[in-house]
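Both complexes below contain chain A, partnered by chain B and then by chain C.
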Partner chain A sequence: MKGLAKYITYRALAAVPTILGLIVVTFVLSHVVPGNPALVVIGPEVNPTELKIAEAEMGLNKPLYLQFFIYLFKLLQGNLGYTYIWDQPVSAEIASRFPVSMELALAALVIAVPIALFLGIGTALRVNKPVDHATRVSSLVAISMPVFWVGTLMIILFYFYLRWLPPSGQLNPLLTAPPHITGMMILDSLFTGNLADLLSSVRHILMPAIALSIGLIALLSRILRSGMLDVLGQDYIRTSAAIGLPRRVIVNKYAFRNALLPAITVSALYAAGLMGGVVLTESVFAWPGLGYYAYISIQNTDYPSIMAVVLISGLLFVVINFLADILYAFVDPRVAL
Partner chain B sequence: MPDKTDPAEYVLYLDDLSVSYTLKGAEIRAVTNVTLGVREHESVGIVGESGCGKSTLAMAIAHILPQNSRITGGRIYYKGNVIADSGTGASYSFRMNRRERALEEKLNSIRWFGISIVFQGAINSLNPLFTVGEQMSDIFYYRLSDDREVARQKSRKLLSIVGLESWVMDAFPHQLSGGMKQRVIIAMAIALKPALIIADEPTTSLDVITQYKIVEELEKLRNEYNLSIINISHDISLVSHLSDRIQVMYAGRIIEALPESRFANVQHPYTRALIDSMPSLTEDVTNIESIPGAPPSLMGEIAGCAFAPRCAFARLECSSSSTELDSIVGKDHYVRCNVLPFRSGAAARKTTGQAADATTINSSDERKHLLSASGIRRVFKSKQGIRIGLKSTAASMDIVAANDISLELREGDTVGLVGETGSGKTTFSRIVGLLDEPTSGKLELMGAEINFSDRKSLTSFRPVVQTIFQDPFQSLNPRHSVQKLVAEPLEIHSPEMTDDERRHAVERMLVTVGLTPSSDYINKFPHQLSGGQRQRVAIARNLILNPKLVVADEPISMLDVSLRAGVLNLLRKMKEMSNMSMLYITHDIASARYISDRIMVIYKGQIVEEGTSDEVTQTPVHPYSVALVLASIGMEGNLSESLGENIFSESPAKAENMCKFAPRCPLARDICLSSMPDPVEFSPGRKARCHFAGEIYSNLYAKGYVTSRDLTSAFKGLAASASGIPQPRTTETALKPED
Partner chain C sequence: MFDTVFRRVRSSVSSRSETVGLLLRNPAGLAGVVIIAFYCFLAIAGPYIAPYPPNYFPNNIQILPPSAKHLMGTDLYGRDIFSRVLYAARLDMLLSVIGVTLSFSVGEAVGLVAGYFGRGTDQALMRGMDVLLAFPTILLAIAIAIAIGPGFFTIVIAIAIVGIPGFARITRSVVLSTREELFVTGAVSVGASRSRIMRDHIFPNTLSPSLVLYSVSLGAAMLVAAGLSFLGAGIPPPTAEWGAMITEGLPYIQDWWMTVFPGIMITGAVLGFNMFGEALREAMDVTLRR
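Let's look at the complex of A and B:
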């Protein structure tokens, strides 16, 4: 275990320069793109003097490197700036929206992982059978469908025609939201025993979560399938077969763990693309999370918010990959020397 | 047909077995009409090259063939009961239908209780993600329903039977050496006391000496547990050492069944050619014969004899009329050949009986010095440290891969550098090939010292020194045609040539390396060529620059046995034609003897012995060279008997200033543990890095021992009497982890 602790420390330290780089890039990008933040704050029809005053108030007249250090200093204090669009500190906005997005992402995972495992292992064991071919074709279709299109289709089908599911939002507006405990509606209503809220929030999350999970299911099941096929041909699996170990042990214990390795890596990388998916999904379903926030902020050139969202999604990427590395080390003893 | 008797007399009986694969709609006949019986306590060897069907046979017996396989004819009997036929097949399905489930229930008492299988263990036979202990105890847990603790105890006991300590239980496979892993695999195979073990390439990719450990282990277990063993290998000497009788496979058929484990009386032209194509240590062989062509494709029916297209004795009817295994040559000796060219007399091996002309070396001392390396040392910094047992050493550790190596090469000289995995031979070859920079030491080429930091001057030396790599599957860019591959060095180093000139040069070169007519090959891509042809392209690519020195790093070890001689002969021919020099790197001392004028034996980064090829192979002095020679000639008896158990030890030398070989040496004395021996010149032109080189030499060879055949007893006597050598030390050397 000492080796593992060392490995984790090493990985965590290695993430520090990445995060610093991320902060620099975020800052530079937002100051390089055209558009004047001061203009956004005080509105387009102002005289130059007022603009100068606003710029001075926002520190925009200082040299860039100084602005960066001010930004960094504030960042370390948890101060992400102030959003004039929503009229409150960005950090407050993020704090309330982060769990909402998290809830959606977790719901997508809860749907995607079991289905992907089932499909991946199932098709590997039925290689070149009709089921396998059908799954391959449908994954291909699923991976190529953009999330906003799937989302719209789902709304048309399940809301417009079938009236099964609500098209947008987190909760029936007629209900009162449960008190803020985790910020995740399903969990909060569960904790407070509010059945009406629970039912409504589950019904609301279904469509966006499914829309978000489709790509992950397709990708993960393909990776698992090829990983499984590769492993099942190895000498050690053939030996296990000759030993006469029960098939469930060979497949679920010996082969599965090996097939999991590439799946971990790919899933972590997929997280990079997930933020884009979240922005689209949340916009389509008016899900009041970070993605929706990013969408509105970009529309309104709300710089502090955009920077914050980019920073947070970058951070998330680093953290998820860090977790994936650790998980990998747990699964594969060869990694943590 | 041989062995046509009651299947019940045999532990395992294959009755006219044929197995096919379906691949993309085509049928591949991997095994054709194989009849074979294995009696109780009998060890049967199956020899063949890759693709001859021997592994298919093994998997069919173990009932673990892939899903796309079919038994197209014949039966497999286990103790008189049919366990597989064309109805049941022998494939393994991870998802069983009802029929397969019923069959599997029948097989349940045979899997591992009756038949177990040992795959080539050094690479992939153990699951990398689980500890050895877990993988072993799962056998008892799931097959005997033992509880976990009992299963672990039984596993620990199994490990001790194969000579492994109990810390191995908690080790992951990557923490074990190849030999240790192979022993774990063998321990697993005997877990449920089977009647038969199938050993599929049980020692391949292990070092020569470690191979002997495994062989001895298998022999011991066979006697202890009354096992029957099927040994499958491409390695003739290994199979003959392990088996009571031998079957030779070619293109899915058994083409010769020998009643004994010797190859003295082989009759089939293929078997004979295979033996003649191998360099020998015990006989003076100046020429080995290569087998032309490559094994046939197994797609579709082969009319007539499968070997006919490559056979020197083939008649017209050989390629049309089919052949049967017949016993016309002697009792229990069956051959599938209608010609039987060797039948009349003991057509002995084509040897000239002349020793290699070692004299030429001494007489040509005026030849120019081409390369002189002195004191070459290469240290790798290891961040992670290396593992010894379960304990990893300090965070940073230097690995000395090459330690004070010196080498003089004159024009036209070939030096063989012989060593096992991790000996540093490749490290040194990369430095001589100008691909890596030594940590210290001096390298002179044609009188000029190489400055490794000056890239420009380094580039100017590149055409002079060329390297042939081990794996022709990886050393050639798969997207380039042969023309492009061979012309590329010219494009870089002779940019003034026109395309036409280059093309002509490539064509000439292809003819020289035996790829004729060149028009057949010039537009092909590597994947369309056999391994031997690929290696020829790699050689052409090297030689087109007319190098003065060729570094050949294990150029034949990835090739099929029947193709090796061709490449070896080609290298020899090139050497003679162009007066180039060669550094031949190998783990196979016999092939080094065949191709080299001088041999240097390397052990843990140090040259431990050097001399002319015949001297080193016929009168080896350093105990390590002795072990290498003994292991390579496939001697009778056990290596551990003549050289002591320690020879298999994997314990590293603990101190800087001790002999690196001392932990394994049968003659090691106290002085060996306290001081590192310098190279001793114990006879003119011969050096060995051993405190007792002189004594060993005079004791072993002064009394007239001339061949390595007598070495075993001589060395044994020497170790026992220790005449002229101080008394044995008493330090234990076993490898133990410190917790």
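Let's look at the complex of A and C:
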């Protein structure tokens, strides 16, 4: 256990330079924005004195390294700037939208993981059979489609032609939203026993969650397939087959568990891609999470908000990978030694 | 003299032609080659095949479904979608090829330097790459595009920057393993200079894995370019670009042809690059194992 604690500390310390780097990158990007950020904030039609005051307020007249430390200091206080579009601190906007995105990402995972497990293991046990080839081709096609295009096709088919599912939003606007408990609509309506809200929110989340899960299924099933193939070629699998263990036991007990290991690391690395997918998917379906917030901010050239979402998603990636490393150490204690 | 003795027998002609043979015998590889060739053809000849100019506005603006006159229908300004799709091929191919070539060059250089010099240099460079990898590709590209302002080269630069870490990582890992090989030790022992070892002995070995990544990255770059257009930070209108065309068609879901055809074009191109990359990886795995 001592090794594990040491390992966790080491991993946490290793993340610090990356986090600092993330902050530097967003700082640089937000300070090379063309034009005067003060102009962006207070609007183009101001007199020079007002502009000077605004610049001083924003610290733009100070040297760059000082501006960086001010930026860093504000970040440590949780101050991400102010959004004039929504007229509130960026941090408040992000805090309220975070669970909304989380709900979508979790829903996509709930859809993707069982399907990926089924496909990944199934194809590994039928290597080079027609099923295997068909799955490979379809997953190649799946990762080649722009996610916002898939979303649009789904809207055209399931909303416009079939009228099965609503095209956008999180809840039927005629319904009252459940009280805010977790911030996730489905859970909140479940907790309050509001069936109408529950049904509506499930119907709303289906299309974006499926659109988001497609890439995830393709990726996860491929990792699981190759993981399974690696493990199935190992000596101990042959031994257990030789001593007459049933195939089901070998696959479920010995092969599958070890094939999961690489899936943890690769999924965590894919988290950045998933977040990118979230931005595009939320924008297509007007799903009011962080990605949609980024989308609206881009349309309104609301720089502080865009940069905040960029920074937060970078930080989130670091945190997810930190957690994945620890999870890995739990599953495979050898890495902490 | 000894130097030539120890010089690495670079992937000999036989193994190279073997890789190509394996690639073409693989149905996915062949399909990839054919698709890429088709898109290259479109990029070159597209504007000559197109029946209308990309921004030809007819006098009576009509959104028309696909017909013999307009193979893919017309868009909200009455422009011929087939022609615009053809014109966009050159732009989208150029964006990806220039962008990814830049990522490749910079990433390759970073990986070589980091892997060869090791220690502090390696740490500093690779931590920098980790930082770039931590941002979701599309968001980093957006942030870059917004910081520099809209335009062709902005998108090229955004594509280039988000692709650098991948090339740097893969190159570095090859350098680390190649550095320990006997032919490098040999070259060091006969007194070859560092730059010579890097250039003649290590660099050629990093090219094969990078080539696989290069192909796959071209597809990824197309998706980034389309995503940038969709989010409103891409090539400004009225230039024909596949992602922008999808985006323009979004509000008109009853006129499905506006979004469907440009999307098929993107998917086809990305699929071609992915298939080629995958088949190439498999072919190289086989030849390298021998």
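As a working rule, the second predicted complex is superposed on the first by the 337 of 337 C-alpha atoms of A that agree within 3 Å, B and C clash if a C-alpha of one lies under 4 Å from a C-alpha of the other, contacts with A are read in each partner's own complex, and residues count from 1 in each chain.
Here is the rule we go by: a contact is a pair of C-beta atoms (placed from the backbone, for glycine too) under 8 Å apart; a residue touches a chain by one contact, two chains touch by 3 or more.
Here the structure is a predicted model, which means the values were calculated and not measured.
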- Message: According to the stated criteria, A:332 is in contact with first (chain B), second (chain C), both, or neither; which is it?
- Response: first
- Classify the contacts of A:140 with the two partner chains as first (chain B alone), second (chain C alone), both, or neither. second
- Which partner does A:223 reach: the first (chain B), the second (chain C), both, or neither? neither
- Query: If you stack the two complexes on chain A, which partner ends up touching A:308: first (chain B), second (chain C), both, or neither?
  - Reply: neither
- Message: Quick check for you: in the superposed arrangement, does A:90 touch first (chain B), second (chain C), both or neither?
- Response: neither
- Partner touching more residues of chain A, whether chain B or chain C: C
- When the two structures are overlaid on chain A, which partner does A:258 contact: first (chain B), second (chain C), both, or neither? first
- Task: Give one of first, second, both or neither to describe whether A:112 is in contact with chain B, with chain C, with both, or with none.
- Result: neither
- Task: For A:148, select first, second, both or neither according to whether it touches chain B, chain C, the two together, or no partner.
- Result: second
- Message: Which residues of chain A touch chain C once you look at their complex with the stated criterion?
- Response: 17-18, 21-22, 24-26, 29-30, 32-34, 136-137, 140-141, 143-146, 148-149, 152-153, 155-156, 159-160, 167, 269, 272-273, 275-276, 279-280, 283-284, 294-295, 298-299, 301, 303, 306-307, 309-310, 313-315, 317-318
- Can you check the complex and tell me which residues of chain C touch chain A? 28, 127-128, 130-140, 142-144, 146-149, 219, 223, 226-227, 230-233, 243, 246, 249-250, 253-254, 256, 259-260, 263, 266-267, 270-271, 274-275, 278
- Within their complex, state which residues of chain A touch chain B. 3, 125-127, 232-247, 249-251, 254, 257-258, 331-334, 337
- Please give the residue numbers of chain B that touch chain A in the complex, ascending. 59, 62-64, 66-67, 92, 94-96, 107-108, 111-113, 115-117, 119-120, 123-130, 138-139, 142-143, 172, 174, 185, 188, 384-385, 387, 392
